[in-house]
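As written, the chains take the letters A, B and C, and residue 1 is the first residue of each chain.
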Amino acid sequence: MTDPAPHSDALPSLAEQERMVEAILFASSRPVTVRDLAERLPAGCDPAEALAGLRRAYAGRGVVLERIGDGYAFRTAPDLSFLLQTETVEQRRLSRAAIETLAIIAYHQPVTRAEIEEIRGVAVSRGTLDQLIEMEWVRIGRRRMTPGRPATFVVTETFLDHFGLESARDLPGLAELRAAGLLESRPPVEGLRVPLALRDEDDDIAATPPPEDLFEDD
Amino acid sequence: MTDPAPHSDALPSLAEQERMVEAILFASSRPVTVRDLAERLPAGCDPAEALAGLRRAYAGRGVVLERIGDGYAFRTAPDLSFLLQTETVEQRRLSRAAIETLAIIAYHQPVTRAEIEEIRGVAVSRGTLDQLIEMEWVRIGRRRMTPGRPATFVVTETFLDHFGLESARDLPGLAELRAAGLLESRPPVEGLRVPLALRDEDDDIAATPPPEDLFEDD
Amino acid sequence: MTPADIPYLRPVPDTSVPDAKPDPVAQRRAEEALIVDVEGYEGPLDLLLTLARTQKVDLMRISVLHLAEQYLAFVEQARALRIELAADYLVMAAWLAFLKSRLLLPPDPEAEGPSAEDMAAHLAFQLERLQAMRQAAAQLMGRDRLGISRFPRGTPEAVARKRRTEWQAGLIDLMRAYARLKTRSEFRPYAFDRQDVFTMEQALDRLRGMIGYVGDWTDLADFLPEGWGAKGTRRRSATAATFAATLELARQGRIEIRQPGAFAPISFRRKPETEQP
């Protein structure tokens, strides 16, 4: 510990690389990507191998190494939450509309606003999406290559981190929902569309339905 | 949240107590005292023993359990603190005044400030010399044994390293400068592919061939 | 999620079994409850889903015909109670009335467009999908969430940012610089010769030293430096620079300038002390 850091000399041993990755991940409250790790470790180090070693070392401990999207982070083991009441962060109260919208984005991403509205049967207020974006759980993805080029919404790494998911593929019940055909985008046949409620508290969307809806009876 | 917490049942094993202390210390924003731990752990636990076990478990790791005041906290191992610094390197060119002053010192060392000013024909600002000294390319040499005993300036080992010179005597002389086209009244024509590698002004030292190559046409 | 999980949801009055003895108090309560209920639904689809659950069957096997009847009865009741329903509830009612009539009539082989069965199936699919998303949302919120069941490091250690400047200079720069110095006598970069230019800075320096003595209006021309007052470019340059300098001094509030008419001589004087702020 008193020696000067040997980072300019030979390639550190794997054990030493594990120590380094451990230190970097411990120091950060947000997930750190493998790429960031590679940049911060001495040249030639292999963060992936060090991460695998660390993951084994921390399995079953009070603190565990979690994979979150492209990144890794240490998090306390969920079964010990009862000890950590004092650390509990006051969660922002989400409306039912916000929670449902979040779930729809997570399971259907990338998804357009019109598709969210189709699923919920009611217009999505701007405030709901804004809130989810502000919480960094949702971000705007690519535009859909359909008429009007609508923006799509996707969930973020912060979302994965918050809900303890390695990736969006690990969403609970995803496989069953897919098998049941409930995640297919099944555009209603002409004239078959169940009327969509455009009434909304914020009512900013009601005036601007997507263009294709306007002319579906053509 | 998956299992009910086993805190109401039997006394947790020592390994379990270590996990608990580990999680509490990890999540806490402040060092935690033994007394705090005793309050937060299930009744009958022995935080001191758990701490001792944890301390052993973390010995030599990238993160160490430290005693801070009355409390305990995880801290990055001191020898790894360099990992928590990111260095941004900014490349900048030396000012004309600085490079000229440096050239005069290199060719005429040891040289006094008055002599530098005489050769340059303008006063040398204090900032220019300070900058060169701070870069460790120039240092103050012996005082000149003349009236006023002025300080002299000489170039350093760092300077020689940077410019790939064995000693200041290896600097090309006037005849060589002329041969290299550097003493012509007109600057060398841009883009002319002479084998002198002199056409690129932006060559940094890595790309600069050793001096003897420069003058192979001699 | 069961209906009990949704706090605003109250039992929908079952219209299929008419009350034997309508209790006026109970009826008024039911009316009030209904108002609250309509407010609580997030649109007709939400209401339909709630009604569908009263059928107590798998949503896949829901009777859409029965559902349409439940919905229409609900809307009828709301109307009877003069509860103002939003337009989309009425649009849905019209659509369901249409669907119901199509479902009851024998299929018309000539009819174009989707069959009544397709429409019903799609409605069932939508209800099932909405229900699935609600369940997914509940599962999501029940996970081990960060800040509730899982915690990040309480004392993250910030990454210190250090900025280091790397100076670029090659041997060639050094040699060029030295060569430049050594050959200065034979090589001088081309520059304008500015012998006949009197700069504003020079004029300002000159005037600053003199304005203390200018108590009364004095012609600008009297202030041209010696050797610059003759004709030609030198005079023009000196006049322009001196005039610009007086403007600067006037801006600073130190002098006053006047010119009686166009092309008349310009004169100035020190600003009287009393007027200075």
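By definition in this document, a residue touches a chain if its C-beta (ideal position, glycine included) is under 8 Å from a C-beta of that chain, and two chains touch if they have at least 3 such contacts.
As the structure is a computational prediction, the values presented were derived from the model and not from experiment.
Shared contact partners of chain B and chain C comprise A.
Relative to chain A, the most remote chain by averaged C-alpha coordinates is B. Inter-chain centre distance (chain B to chain C, centres taken as mean C-alpha positions): 41 Å. In this assembly, the C-alpha centroid of chain A lies 38 Å from the C-alpha centroid of chain B.
Measuring from the averaged C-alpha position of chain A to that of chain C gives a distance of 23 Å.
Among the residues of chain B, those in touch with two or more other chains are 1-2, 23, 26-29, 74, 76, 84, 86.
Counting partner chains per residue, chain C shows two or more touched chains at residues 143-144, 149, 151-154, 157-159.
Residues 1-5, 7, 18-24, 26-27, 40-41, 60-63, 74, 76-84, 86-87 of chain A are the ones touching chain B in the complex. Contacts from chain C toward chain B in the complex involve residues 142-144, 149, 151-155, 157-184, 186-187.
Within the complex formed with chain C, the residues of chain B that make contact are 1-2, 23, 26-30, 73-76, 84-94, 96, 99-100, 102-104, 106-107, 119-121, 135, 162-165, 171-172, 174, 177, 180, 182-183, 185, 198, 201-205, 207-208, 211, 214. Remark: chain C residues 6, 42-46, 86-89, 91-92, 95, 113-114, 118-119, 122-123, 125-126, 128-130, 132-137, 139-141, 143-154, 156-159 touch chain A in the complex.
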